[in-house]
Structures are given as C-alpha cells and as structure tokens.
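Two complexes come next, and they have one chain in common, subunit A, joined by subunit B in the first and subunit C in the second.
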Partner chain A sequence: MRAGLLAACVLLAACAVPLDPPPSGPPARPDEVPRPGGTLRLGAAEDVHTLDPAIGYDTGSWAFEQMLFNTLVDYDEGTTIVPELAESWEVSPDGLHFAFTLRSGVRFSSGRALAAADVKYSLERLLRPALHSPGAEFFAGLAGVDEYVHGRSPEVRGITTPAANRVEFALAAVDPLFLHKLAMPFASVVDREAVERVGDLGFRRQPVGSGAFVLAEWVEGQRMRLARNPLYFRSGLPYLDGIEVTVGLSDQLGWFKYQRGEIDISGVPSAEFARVVADARYQPLLLERTTLRTQYLGLNCALPPFDQAAVRQAMNMAVNKQRLLDLIDGRGVVATTILPPDMPGYDSSTLSYPFDPAGARARLEAAGLGHGFATTLWASRDEGSMRLGQSLQQDLRAIGVELALKPVDFPTLIEAVRHPGMAPLFLLGWEADFPDPSNFLIVLLHSRSRGTNNNAFYANPEVDRLLDEAEPLLEPGRRLPLFHDAEVMIMRDAPWVPLFHPVGFAIRHPRVRNYQLHPLRPSRVETVWLAG
Partner chain B sequence: MMALLGYLIRRVFRAITTLLGTTLILFVLVRVVPANPAVSIAGPKADPETLAAIRKDLGLDDPLAVQYGRYLERLVHGDLGRSYLTGRRVTEAIGERLPATAKLGLTALAVGFFLGLLIGIVTAARQGSAADIGVLIATLVGLSIPTFWLGNVLIYFFGYRLRWLPLGGAGALRHLVLPAATLAIVELFFYARFVHTNVGGTLASDYIRTARAKGVPPLRLYFVHALRNALIPVVTLLGLDVAALMSGVTLTETVFNWPGLGRLAVQSVFQLDIPVLAGTVLFSAALVLVANLVVDLLYGVIDPRVRHG
Partner chain C sequence: MAEAALRGLGSRRRSRRLFAAGMILVGGLGLVAAAAPWLTSYDPDAIVVAHYAGPLPPGGAHPLGTDTLGRDVWARLAYGARTSLFVGGLAMALSLGIGVTVGLVGGYFGGAVDTALMWLVDLVLTMPTLLLLIVLAAVLPPSLLTIPLVIGVVGWTTFARTVRGEVLSLRERDYLLAARALGASHGRIMLRHLLPGVLPGVVVLAALGMSGAIGIDAGLSYLGLGVPLPTPSWGRMVSEVQTYFAVAPWLVVLPGVAVSLAVIGFNLVGYGLIDLLGERRG
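Here is the complex of A and B:
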C-alpha cells in the first residue's frame, strides 16, 4: 500500500517534469560534405541471433548481415532493384534464364577475390538440407534443386559459372520474384574458405563476407563492434570507422542513453512519443517511414461462427480502427485493404468496410446471431497487443460479442494459429518479403497456404484460380489487375479485418547524417556519416 | 563422528534426489509449453518442411521418455546441450555469465548482510526509540518495494538526472553501484528485521542481564554476547536467502542491463531457447541446493542436536 502510494507520487512527479532537450550536435548546413571517420553507436534489446546470412530470418540479424555481406542485386532507397555485386544482368525472353556479370575487383575481407564460384557455393550451401536454412524455400525453383537436395547430384544444375565473373541461373518455372529473392540477405555471398575453416555453427559468430564492415568483437549480452572493411569495393565507403552496438537496452534505458547523447539512433518509447512528436526541438531529428506491413485481426474461417461470411463482414464493420491507431500513438495509417499503400497493385478503391456498428448488428441478426456470442482473441502478450485487444473487446461488446483475451508468447501464438481448431480470432501482422502483391495474397490467403501462413484457413477456389493465373505473369500490366480482382473477392469474403499499416519511427543524434529508414529492409549505414 | 557422517550422507542423498526431481519437473514444464521451438529457430515465416526437419534434428518428435533419458544421460556428462538460437554450448554461456552474477549477488549480499546486522543490533539496543520506529517503517516500505521499480527509480535519479552513475551496463566498479544497491536494499531490510527480532529476544535473556550487571561494556555486550547467539538462525537464513537472491538478481540484471545469468534466463524465456532456459534454471536450482546443503552441514557441526533429527 505504502509502496503503491509512493509509486503514484513518483509517477506524478515524473509526468510534471518537462521533456529534456535532445542531445546537442552540429546543425545541418547546405554546403556540408560527408566527413569520414567516427563510430556510430547503436542500441539493441537483445543480441542478434546469428550473423550467418543463410540462417537469419529476422530484422535484427538482417541489419548486421547486410553490413557484412553483399548480394548480387539490392534495393535502392525504395523498392527498385539495383546492381550490387553484379555489374549487369540479362533475362531470357521466356523468363527462365538469368545471366549476371560480376563487378571486378571485389574481395572478401579475408583478402581473397570474390568469384562466380563463390556465388554458386553460397546458394548451394543455403540449399543443403542439413543446414535447415529458412531461406532455402526461396531458391527451390532453380533447375535441379530436387536432385541436389536428395543427394542425386553433387551440385545444383541450374547454377552455372561459365567464367570467373559470370554466373547463370536456370529456373524450372517462371518466377517473377527471382531478382527480389536474389536481393534477400539469404542470397549473400559468403567466403567458402572461412565457412570451411570455422564450420557452419562457427560461421554464425565468425562471419566473413565482402560487405562494408567486418565483425571486430562480439561479447554476447554486452556489445558488438564492427569495423570498416578496408578492402570494400566501393572506394571511399563506408564513411564510418565502425559501429558499436550496446546490447540489452530496454526501450526506456535506450531512450535515456539517447537523451544523454550516448547512442546515436533510438526508438521513441510509447510513454514519451506524443511529447516528442509535438516538440519543435525533436522534430528535425525524427525519422519516419511507411512500411510494407499490415496488422490484421484474423478470423478463423474453419471455426463457427466465423465460417459465415456475414459474421466476418460484421466484424469488419464493428472495429473502430481510428481508436486503435490512437492507442499506438498514431504510429500508422488505417488499413482498409489487405495490401499496404506502398505495395505495387495497391488500390484505395478496393471494397472495404467503414466503421458501422449498427450495420454490423444487422449482419449478425441476418446470420441468426442477433443475441450475440462469446469468442476468444489470441494475441501476443506484449503491452501494445493487449491495448489493441482491449479496444477490440469494447468494439465487439457494442454488437453483442463477448471477447475473451488470450495473451501468449509470440512463438506460442504462431504455433496456435497454425492449428485450424485452436484460435477463433487472432492479432497478427505481416511484413512483405517482396514488393509484390503475391507476398500477401498468395502467401497469406491462397488455400494452399493453410497450415503455414494462411492462418484464417480461408479457401475460395475462385480466388485460388485468379492467384494461380497471376503468379507466373511477368508483365505488371497483366499481373496486377488479376491480383486486384482477387483482393476485391477476398475483401468480400472478409477472412481478415485489416487494422492498420504501421509507420516506422526512429530518432537520430543531431550529428548523424544520411541515416534513412527503408520500406523493406533494416537501415543501411554504408553512406551514413557523422558531422564533427 | 559416525553420527555426523551418517547425517552428511543423508543430506547429500536428499540433495541429489531433489535435483533429480527438479530435472523431471523442469523437463515436463518446458515441454508442456504449446509452442514449437523450431519456430523460434527458423523464424515465424519459415515453411513447414524446414520446421519439421529442425524438430526431427532436435529429437523433439521422439517419445518424451526417450527424450528425458537422453537429457539425463547428457546431464551426467555435464552436457546441457546447445542453444537453439546461437548454437553455442549452454555450459559455455553459463560459464561466461556466471562471474557477473556472482559479482553482483555477492556484493549485494555482503553489503546488505553487514549493514542489516548493524542496523538490527542498533535498533534492538534502542527499542522504542525514534530511530527504531523509523527503521521499522523503512523496513515495511523496503520489503514491499518491487525490485524492478526500485531499479528504474535509481537509474532515473542517479543515472539520468544527476548523471553520477552510468545508465546500466557492466565494466567498471561504478557500473556495479546501482544494481548492487537495488539488491542490497532488499537484503538489508530483510536481515535488519531478522537480527532485530533475534537480538531483541536475546537481550531480554538472563545471561545478558547477568553480563550487564557484571559491568560488561555495551559494545561488547551487543556485538559479542548477544550477537553470537542470535547468529545461529541467521546462518540458516543465509542458505534460504540464496533462492530469493537469485530471483532478485534476475530482475535487477534485466533492469540494469547487467550481463549475468538472470538476463540470459529471461532472454531465453522470450526466445523459447529451451536448452538455455532449462540450463540456467537447473544451474540456479543446483546452486540453491548446494547452499542449503552447506548450511545443513554447518548447522550439524554447530549444533549437535540437529544430527539426530
């Protein structure tokens, strides 16, 4: 009791404290030029899982993998594919053959020259069944993968190296996303000699690539240091001498360290967000970027009463999405469709459901559920998800639906939603792997994806047909309209309540220049520099 | 002598059976979680084939009895397995984190224990005084403050506002001050309360009154005559306190970003890294058992009556 009272007093006192100024640093000048040198100081909640690009499949690992390794192609600051290790490439008219010419003079940080054979080795390593790479599925469409995986062939027939600077790929079937797949960190080129020296497990902590930085030190649970790679192929880059990551920072501790000028890039904790955004001293330091993400309420079509489209449509009309956004400090935009606004094929005129509780009630009545029902929402146990869950609880109560919250750990949630009879409703989000509608509509809503990521267990043969037809098409002019038709049909069937598209926020120390958030990838730091 | 040996054997045997029971409970607990560790390893977007292959590789599809047998067999060889996420040996990770936890825990225990002892005696000697009542109130508050809250308040004032001490992390001695203080405050009140009660009781006994009448100086009276007798139950308390200290350490390490075992355990919970989770919990359980065994044995030496109990 006493402690509670004391806590309340301190909390009140803390709220009355005005927002401290941001750390001070040199203001931007129009004539300034990049200054080499210095160490970028970052904070992280946890250690990265791995630095082996064949293994990592999370933002944290990717952030550092892309500093250490290169891929044949990459994205520009948007979602356009640009050359990286490849100087140029040709695609055959049938879309089945890709031929890349490698840039000359690229070396691994070990000093060895990077050649076409290394590209082949890296992808074959990724596909080796014993490695269990979550990235292997993306390259299963190369010709001869099946024979290779089942030990009938020592190599992947579809990857050839006619010259030291030429690598060619043959696909078993047309894949409009193949270039995007080569831009994934999974396709990073690794130093074969280093892998063989330290082994696959060792490579997770002792990575060797051709990237702008090399790993200098990693004390688990404490810090990781990266140093500039002097052999990096882009001359004059990176500008930074190194990167230092302090591991183990909570949101609050990270924010304190940012305000005290001890780290250069930070998130903004929820408790401070409204004040920071409204503060003119902080505004020029804020970085903001819409992402290719959709947060949604999944409705399990395999479980009554959500097997009825009318009930699912009622749910869509019952949710007050603007209030959900307010609960996350406005860090997003309301979602009316499945595809996020920056996605090719996005169409704001797609059929959607405005907030209409009375209409929702009417649909429930039409479905014979006018007296309401009780159901359960599965969600991750973090504070943000719980707040969203409580808001949904209120919305649904207004139409007579009693919602019980089931907070679980994230891995548990992922496991639960993959069983058809488990979670009637669930809160999930999806972040695009590729800037292509198939990455939402096929991966999450095709009937063949039930059991993996179609956690709504949605199945409509007509939608499947449209998606199957669109999938191999190379021309956007034919491809996108088919995906659009499928999306309209899905919205009519309403297996999801699209909630919002999150917007990414970060804040920089005033000395940091050229740090940008990317719509699809963690930020790249190659061209970041520090003003003196 | 034989009695002492018998007592010793009985205690060690009991500790071993308890540890075996712990392994079983732990094994069942980490496996009833309805989550697939393969998802934590390969990421939530991994395809079912990859997940199935990983499960098979980890032996998670074998019958539970087989898995438990394999677990015990490895345990006997000192093998706690490898982290699902980093692929590192759990024993290696624990070994790396142990010194930091030991440093924090022992510092907090030593400071808390001795200050608590001092305050306990002083307040017992001045029962009913303003200082005594003040300490009593402070104890009530001190024992009910949640560790993580206290830690955050200390960081805010001494780290962020006053800038006297670093904002979490480890390395120099000044990094140790705040986390050790957070833990020591709880320890201090705990021992102060206990010593206060015990010394207070002893002070009322006849032999102290006799000593006082014989003109023994007050300092000698409190610190030698009264304290010696009051200390015996405190030894037991020290053993029991190891368990409380371990849970305090876990929270404190998380708040202060202290790279010890507690943070390793918390991290493994959130990432469902079962070998690390099971390894750290088992290690802590073994530590508590050993501490209690030592106390039991000490007690047997100090007080012969216990051996026949």
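Here is the complex of A and C:
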C-alpha cells in the first residue's frame, strides 16, 4: 500500500510540467537604435483607481499619471532630482525661496501652452480642502496655505508667477524635502480649462496634461489604452505609439499571458520563481531593483502586553527573519534596522536584535510573562502574507506566545491598524515617497503621526525631540546623525520588528528595450521601445 | 433521491459490494484520523525543512514531500483527516438535530405548525446556499466550532423534509393510535414511537450528509473561510498550493484525492444502507 502510494507520488512528481520557453523576440544587438512605433501591452490585477494626480496615492495610479502629466522636477533613473517642466531653479541662501524658470514650448495635449499660472493653479487646486487630496499635507508648508485653506485668502500667497515662464515659491519654514515633494505626482501640472470643463470628479476619468501620452480609451474593469501625445515637448519621444493595459490579470494569469507572448511586462509568480531565475533562457529578460521598502511586524504599543519594551524586544529576538525571506523566494535582504539600505542615513551598525529564542524567553520571563500569552496578528489575506504569518506563528509558539491569524482585505487592514485598540500585531510594509529618513522615522514613528501612519502608536518624547530637531536641517552632515540617533533609540524601544527589505522583480518580453525598474516610482515608459 | 439511487445501483449483490467498499474507505479514513500521531513523527503545523527553497518532491524523509512552507505533506494530510471528520461530523450532527426535530414536530402536529415549519424550510432552501455559507463564515470568527455550525445551520432542510414525510406516513398507523388512546404525551409519542420508525432513513441521510459536509468544508477552506490557520485542512491545502500546479502537481492532487475518497466513501455507505435497509424491510 505504502509502496504503491509512493510510486504514485513519484509518478506525479515526474508529471511536473517543464518550464515553457519565454516568448520569442529579436535578441539585443550592440548596434541597434531605438525604433519608434508599436504598442506596449501591460497587465494589471485591478483597475486603475484614478488618473487625477491630486487624488491618486497608489502605485497603480502613479504609473499612469506619470505617463499623462509632468512635474517641475523629477528623478533620474536613481534618486537624483533632475529638471522636467522646469529648465532651471534657484534656491535662496535661507532655504525659504525657490524660483523656477519653465521650459519653453510645452503644451497640454489640448494644444494650449503650459504657463506658470497653470503650475500655481494645480497646486492651489490640490490644497483646496473640498478636494480631499491625500497629497495636500506635503505642501502645507508653503507661505499662506492656512489663510487659503480657511477661506481668508483666494490664493496661496507663497506661490507667485512674476512672468509667464517664472514660478516662485515661498515657504513658511525651511523644508529640505521641498524639491522631492515637487517631484511627487501630486505636484503634476493639470490643464485648468479641462478641469473646469469636466469638473473635479470628471477629471479622474478624463485627464488632460502635458505628458508623453494621452488617454485614448478606458473601459472600466476591462482595459485602458493610452496613445502617444504628438505635442509632447521632448521631440522624438515617446517611441511607443501607445500602451494597452488589460485589467483583471492576477499574478498567475499575467504570467501565463506573458509566456504566450500576449503581454510585454509581467511579475514572476512565487511558484515559478526558482525555475525562472535558474533558467538561462529567462535570465537576460529578468529585471531586478532594490527599492526603498521595509516590511515589518508592527507591535501595538497601546495594547498590553506590547506596552512593555521588554516584550517588544522579545518579539524582535523570536522572529526567524531568514526563514521569512526564504519563504518569499529570497527576494530581498533581511532587515535589521528600520531604514532600508539605499536610504541616506542607513547604518547597518544601528542597534539590532539577533535571532535568539532563548534570550526572547528570558525577556518575557523578566516581564512576568514566562507562562506566555495569546495574541492576534492582523495581515492581508493574500497567499504571501499568510505564509509569513504562519512562519511567525511558529516562531512565537517557540517562546510560548500563541498567535492567531486574522486575515483581512488590504483596505480593511489599513483601516483597522489606525484604531489604537484594534490590532495588537500587524504585518505591513512601507515604501519611501522620497529618499529621506524622515519619510520613515517621522511619517511612521513620530508621536504626531499616531492616527495616520504611526500604527504602532509609538511615542517617545526624546525621539520626537530628535526628529523635530533634524527635520528642518538642510545640511546632511548635521541632519543624518540626528536621524540616526533617533533610529537607535526607536530600535531600543522596539515598536517594530523589521523583517526584510524586498527587492523588486519583473520580466520583459524579448522585444522590449530600455524598460527599467525605478527605486522610488513605477517604471517610466517614454524611452521604452520595441525591437522589430 | 433515495429511490432514484436504488434504481441506479442495480443488483443487491453489487450494492453490497459497494457498501463494503464504502465501509473500507470510511474505516480507513477513521483509522488514519485516529492514528495520525503514530503514522507520522512530524508536527503537521511545523516548518520542518532547515532552509526553505521551494516544495520538496516526495521521497526520503518526507514520503509525500513538503508544502510551500516546508511542512510535511503526509503529516498534514493525516491530521487533515481529523479536521475533516470533526468538522463533517459536527456539522452533520447539528443538521441532523435541527432537521429531525423540525421534521418530527411538523409531521406529527400537522396543521399550522407544519405549515409554518415547512415555510421555514422553503425559506432556507430558496436562499443561495453557497452565498449564505460565505456570508456566515465571513461574519463569524473562524474556529473549529463555528465552521461546523455554519455548515450545519445551512444544511438541515433535507433531513427535515425526509423525516416529515416518514412521520406523515407513520402517524396514522394503529400502534400510534393506540398509544394516543392510552394517553401518551406528545413528547413520548414522538420520541418512543415515531423516532424509531424514521431512524433507518435518518442513518442513511447521516452518511450522505457527512459526505456533503466534508465537501462543503473543503470548499469553504478552499475559499479561505475554513478553520483557522495553521490547522491542516484538505480544502486549504489545495488552495494554498494551486499556483504550484505546474511545478509540484502532487501538492494539489493529494489533498484533492483525499477529499474525493472521503466523499465517495460516505456516499457508498449511505446508498448501501438504503439498499440493505430496504432489503430487510421488504
């Protein structure tokens, strides 16, 4: 019986379907030059949320907003700020005034010339309270925003347009990140006439900007098509005639369509990852990029027993992070600190905790919890999170902590962790909006961020003081050490168990050229071209 | 349903053989569930591979390989039998309790009571079962007790209808008239005189109900609404690894086969009983 069973299994194992070859396409040649034309075919699991750059705050929306709109400044392929709509800019010595000269000859896809007044209009629109833009907070430091928001002034005093191609900003306080904020899609310049014609709600579906592409068709829940903008200011770009997005493709479905040559860019599902990475036919097509992300186990400092630092430290010592990384196919690096490795101010020598279950038990005993306790982990219900959750379950069981898993939809998870009494433990990740430690340490761990993104409800006045002191400093030599001191202190208090820093992976159709993953933003496609 | 099955099964000898096959399957399942700790040395919830690098194929230390977390598949299958039998059994018992009570009371009292109860049965029957299951399973906190509760609460109507039908045919029999004439209470008549009469039918339904409940449990687990993680459950074992079908087909096939064998086993027992009981009566 047992031998028969074994034989049947061996037979089944032999039935494993060998990996199909990737779709065929022209191999890269050293002398090839970009060839205009063609349609890039993409897939998405869910429909795009919005195309109004004042509203979208998710990767899916940003990917397409940045095809349709431009910002004054942008990032190069790394994290360096480069001109976009702005030709040049000057910053006053006190750091409070920014003056931009606009590039000439930029037109909206409607044909109207883009002028300084449009920049001012776009930011004032973003700041209008009735619009409820999640990006408004980033520009609250402009002079006169308070009066504007409370209706005491019809305009934002801190944004002026001395000439049609000059726009100047005055800040109420020094903000070292102001340029980075202007590079966020929130600061995209929109066509005022189009907004006024279709209304704020209509603009989410009928966007008009100056970007490399225009929206050609959007059948909600099914597909979206973008076409090249013939008026685009960078001559000869984009190379592509258009982009076609098929909605409703799960990881697995997208992968199948990729293998059949029906979409050009895909993720690699976990099941196939090991085989694909080891396959010489696929290797040249793989795209890989470290991102500024940290995946963490949040410990709710407002809920006993996690209100005790010793218990939180014990959690840090109990988790086998290498195994978690193995379970996501090793796509990342183990996290010992809060800041990801590519972040300015990252310091691998920051206080961290070794994997030490015996030590963890000792700390629990010292906290009077030697007999263990039961608690609940809230996590997204996707396959990957459930794997991580079950591994954590096992790690904690080894130190006497019984962990129940609470799988919920992602929007529910985000909502739940904002209530102090709800989730004792939660599994979340954070991806930096800009390359600065404040985007982690202030946004996620300053006491004033409780109720928004400080979901651990962590508060330490000494940490707050250091963060407040560092925030307005321009000089990295003074700024970064203060952030570092704060990070060390946070790690000692241990409101998080940093788990790993994921690495992004994608795979391209062999005909796709020049498609790159970006450390901070969705991929840009205006210089992508398709080999014939 | 029972009659149709009878006709479909053909000769009595064949149906006896099928009944025996069913008993072997069910018995084997019970044995695996009871003896799980002796059949494997692995903890079914424990990640047992030192370094996870994808599921291990069958053979060596892990006769059926390891899953997408590095747990022993054989241990999870064996302990999964416990989950299936426990959830199936409890759900079936609950359905049986509600169904038999409603059927007895409705059939015995007749009139307005019967009309009201059958109305309730129709109401539950008209609701889309799967949706009702999903809503209930999503609302109640998932646990080893709530899942059978959900399945049981949704699945009792067949029991109620069948028992009511039997009672209707029994209640005009002479021995019941005699009992009534002697002044026996309603409760006594239902429990002592009607219940034994409907019992053979109930046993058949119990076996069929068991197979249904095991199937539904697998379906709910597959949808991620079953017993909480990491409790091994066959339905969840399939859903956890479905994207690995091309890479590690055994991971998907084995729990699927286990569910099928359990459902087939209980079905064979149920239909075999119809035949055997019919034989005795006839």
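Here is the rule we go by: the second predicted complex is superposed on the first by the 517 of 532 C-alpha atoms of A that agree within 3 Å, B and C clash if a C-alpha of one lies under 4 Å from a C-alpha of the other, contacts with A are read in each partner's own complex, and residues count from 1 in each chain.
Keep in mind that, in the parts below, a contact is a pair of C-beta atoms (placed from the backbone, for glycine too) under 8 Å apart; a residue touches a chain by one contact, two chains touch by 3 or more.
Not measured: the values here are computed from a predicted model.
Of the two partner chains, neither subunit B nor subunit C is touched by A:358. Applying the stated contact rule after C-alpha superposition, one finds that A:33 touches neither subunit B nor subunit C.
Set side by side, subunit B and subunit C differ in how many residues of subunit A they touch, and the one touching more is B. Using the contact criterion defined above for the overlaid structures, shared-chain residue A:57 touches subunit B, although it does not reach subunit C. Look at A:411: by the touch rule set out above, it reaches subunit B but stays clear of subunit C. In the superposition on chain A, contact of A:252 is made with both subunit B and subunit C. In the superposition on chain A, contact of A:394 is made with subunit C only, not with subunit B. In the superposition on chain A, A:133 makes contact with subunit B only, not with subunit C.
Applying the stated contact rule after C-alpha superposition, one finds that A:451 touches subunit B and leaves subunit C untouched.
For the contact definition in use here, the residues of subunit A common to its subunit B contact set and its subunit C contact set are 2, 6, 10, 252.
Residues 45-47, 51-54, 57-59, 63-65, 68-70, 224, 228-230, 240, 243-250, 253-254 of subunit C are the ones that touch subunit A when the two sit in their complex.
Of all the residues in subunit B, the ones that touch subunit A in their complex are 33-37, 39-50, 53-54, 57, 85-88, 93, 96-97, 140-141, 144-146, 149, 152-153, 155-156, 159-160, 163, 167-170, 254-255, 257, 259, 263-264, 267, 269-272. Put simply, subunit A touches subunit C in their complex at residues 2, 5-6, 9-10, 12-13, 15-17, 251-252, 269-272, 274-275, 323, 326-327, 329, 381, 383, 386-387, 389-391, 393-394, 404-405, 407.
Residues of subunit A touching subunit B in their complex: 2-3, 6-7, 10, 14, 46-47, 49-50, 57-58, 129, 132-134, 136-137, 201, 204-205, 219-222, 246-250, 252-253, 256-257, 259-260, 262, 409-412, 414-416, 433, 451-453.
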